[in-house]
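Chain lettering (A, B, C and D) follows the sequence in which the chains are written, and residue indices restart at 1 in each chain.
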């Protein structure tokens, strides 16, 4: 696949360089690895620091969500690879304002180990209290009985939103973690893949798929899904995704949800809104109220084709966090 | 190419249906053609109405830019086709608050005729004063001596931004038009295409391009550019685009510009920031100051691959318009 | 030659089918020079017209009303470049038919001349700009000249369609000379303008429709 | 068998080349099951190690220091899943080498047992989970058993590498049974775990390195 890049080995470094030059009032790189970035607008004393991170290639995830109302800093890995403990620790030290730091990341073996190691080091070497909450929203990635094994996909966005707001409200570490975990508990996603992406270094498609096929339940890095089959209409795809989600979590008539229809990279907004249209129909048929909708590219997989649907069931507290304004370079909410 | 759609003949209607359901507090469809949409937050009495529009398939252009600080309404055409005068007139009537309406659109034969007819009808049949300003920012589409023939591409975003702000400042019709025309006068873009898109109805690639080729100066609907050649590095492409732009408009040391690196659809943000990195280098080498940067998918061409670079030379008035906050479903600026 | 409301409707119906057949070809031409949608646009417009003919116009006896509706329907359905152009053509033609339930030779000649001139006025394109005017201007000029000379519609129209065809084909050569295509350079050779093509298709269809009707009448 | 600082560096250099050769193959395996980056990740990590060996470690005489640096460098460069895993392996191995400028049979056996156990502790994976543990656990168990029995490093390591190979190959069968792959169903058959493969490559490379050295020594 064609890429508008220079040396494939430098894509992450060059992206970050461009990113901080484009938004100098919002974000800055810490000296050191260059993979540790924090808000340019100093975190408030006494506020719990929100640290996010993961592999590159998911932009606007994750660098795009550092800013007022969301994260204070981000640790950036290679493409589709967890950051090492070094930048995680660098960010931790920079954003700890005496109230501790909460790590938010997706439930992948690599992230679990690297963030885990960093958390130990922060505690032992720096005396910084660290809390953690993982995104495990992908219902296609493991059965309900093994939710702790599920992958984190686009639902991570809602967890950032909730935890970022909670920290901004002045919640302490335990309560920020509680809200983040509740957000994850209440969030379910499922995706569909239409076309692969390719890593700049290999140029090879991340998965194989036929001319007229789609893959239901595909992961955010091209991990295999539940089934591969003929491409269906947007309505049938939306039916499938929403029905699988609703079979996994109890959302009743009168309940309120936040909806995210997330593009994986190359799927036009036109198609995302066509999918949203059907999602809305299903929910309103069931008497489920959409409290707020997000439609667009929130967590991508390079130029992968397809989308995911995410529902977060809301209680009063989560509603408050969803309404909280945000000002990040790649996401602004008034 | 694979599409996540239902009947290809209904894509525009279904997209719009999804769009208004997703953002009911921001936008609504007028009764009638369904192709006329206005802000859900009633335009202020006495404010000049801003009407934008064009073909579909450019999302977030153009429906995404209706909201506080930008446009009051939008007329939506078929994919890559100007709207007919009907929805333009419907919007005009709905957003005229006694101060007239300004039409902003790209310089394409179809748009010129349809908006022109609508303007005549608004004047003759409705007694509404209409002003117009066209985007003609694509330096690759005609020589400098024939600027009036140039296509409007991503620079249109800056024209919306400027005119939307001017109307919000309370400028009268003539002054909103003046600011919009100045914005266009000061704006230059040039793009590169890497891969085609396809119309839902034909499924055929919009242009032919080899495995390792790129097309410099490609239009936003797949119109041919200046030259087709081997795919080059992001840095060389950025050099070419910026140099052609700077050869076309005098921007001197110490001047301030707004920069837009716009993705055409399927090009990852990672690549856009790598391109931005080089654009920033060139400008700072020349002592040109970047006042504000926009990097992302602002006006797309379905799932086309590639990007464009836009520079708008700023004076004090344009700086003020660029800083003005915006709250639209697909674009928020604090 | 007598042309009734039913003839007009039958003729427009023929264009509906013709456009469906040529849709892909017109898109293909437009992909080379423009945005690839000309066939889709024509199809959307003529399908909308088809719908009108089958319903609203089913019992319509007034040819002027029919031609106006065709124009307006096309415009509403497509917008685009060709919406205002063809709409203006059919609406200017309708003026000629006003208050006439049957059109004779003179009316038909005037109809098509008004059609071509209306489009020219709307689009302001010149011969050589590589648009449908390259088909239409030679066409209406020849029709005007020949009909003034002979007063025979069919032979004049036939001669005019020949000029239209030449004009359409000439747009291939025009490629590297003007406007949008001027930057195409060498790559432009051989591509024919889509609008010039659809305009020719419509005119040629009228000719064959009239010829078939004459054949039947004999 | 005596293994010096230079031997360690030469061995690590061999892995650098080996990984470059096998990079595409490892990516290909990972595309089937994961995100397709395993070869890229290994390459980034070992290239960083190469750089260290050529510069910072050029004059380093302490094998423990070398192995620690290899682990830390790998981790910093790649993060990922395998960063913490291999890093822990090399760092636990380094503990065995502490204060020893030359490693004998006993040290080498302990090094590789610590390597495998360290990774197990870090990753908490069980045999059958379809990870590099399927290579490493049979490997270090056999090494431990055989070396206790024979006290001969080379033959024990050789036997252990055989077990490693079987374990790696067994990951093909495991496909449809557990974890991430459990949802793959039929499509999973035949795909081998990338981490199990890279782990085997490293162990096999050590074996052939030692064998070559022995051959030269004779």
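To be clear about the criterion, a contact is a pair of C-beta atoms (placed from the backbone, for glycine too) under 8 Å apart; a residue touches a chain by one contact, two chains touch by 3 or more.
Only a predicted model underlies this, so the values are computations on that prediction, with no experimental measurement involved.
> Which chains make contact with chain B and with chain C at once?
Both-contact set = empty.
> What clusters of chains are still held together by touching when chain A is ignored?
B, C | D
> Could you work out which chain's C-alpha centre is the most distant one from the centre of chain A?
C
> Need the CA-centroid distance for the pair chain A / chain C, whole Å please.
The computed centroid separation for chain A versus chain C comes out at 54 Å.
> Taking each chain's centre as its mean C-alpha position, how far apart are chain A and chain B in Å?
Result: the chain centres lie 29 Å from each other.
> Round to the nearest whole Å and give the separation of the Cα centres of chain C and chain D.
75
> Can you tell me which residues of chain B touch two or more of the remaining chains?
In chain B, nothing touches at least two other chains.
> Two or more other chains touching the same residue: where does that happen in chain C?
none
> Taking touching chains as linked, do they make an open path (line), a single closed cycle (ring), a hub with spokes (star), an all-linked set (complete), or other?
Chain contacts: open path, no cycle.
> Which pairs of chains touch each other in this structure?
A-B, A-D, B-C
> Which chain A residues qualify as touching chain B in the complex?
Touch residues, chain A against chain B: 2-6, 11-12, 14-19, 21-23, 56-57, 59-60, 64, 192, 194-195, 212, 214, 231, 233-235, 237, 259, 265-271, 273-277, 280, 290, 293, 295-297, 300, 302-303, 305-307, 327, 330, 332-334.
> Under the definition above, what is the set of chain D residues touching chain A in their complex?
Going by the criterion above, the answer is residues 24, 27-28, 31-37, 39-41, 43-44, 75-85, 122-123, 179-185, 187-188.
> Quick check on the complex: what are the chain B residues that touch chain C?
9, 33, 55, 77-86, 108-110, 113-114, 117, 140-142, 149, 199, 201-202, 204-208, 217, 219, 221-228
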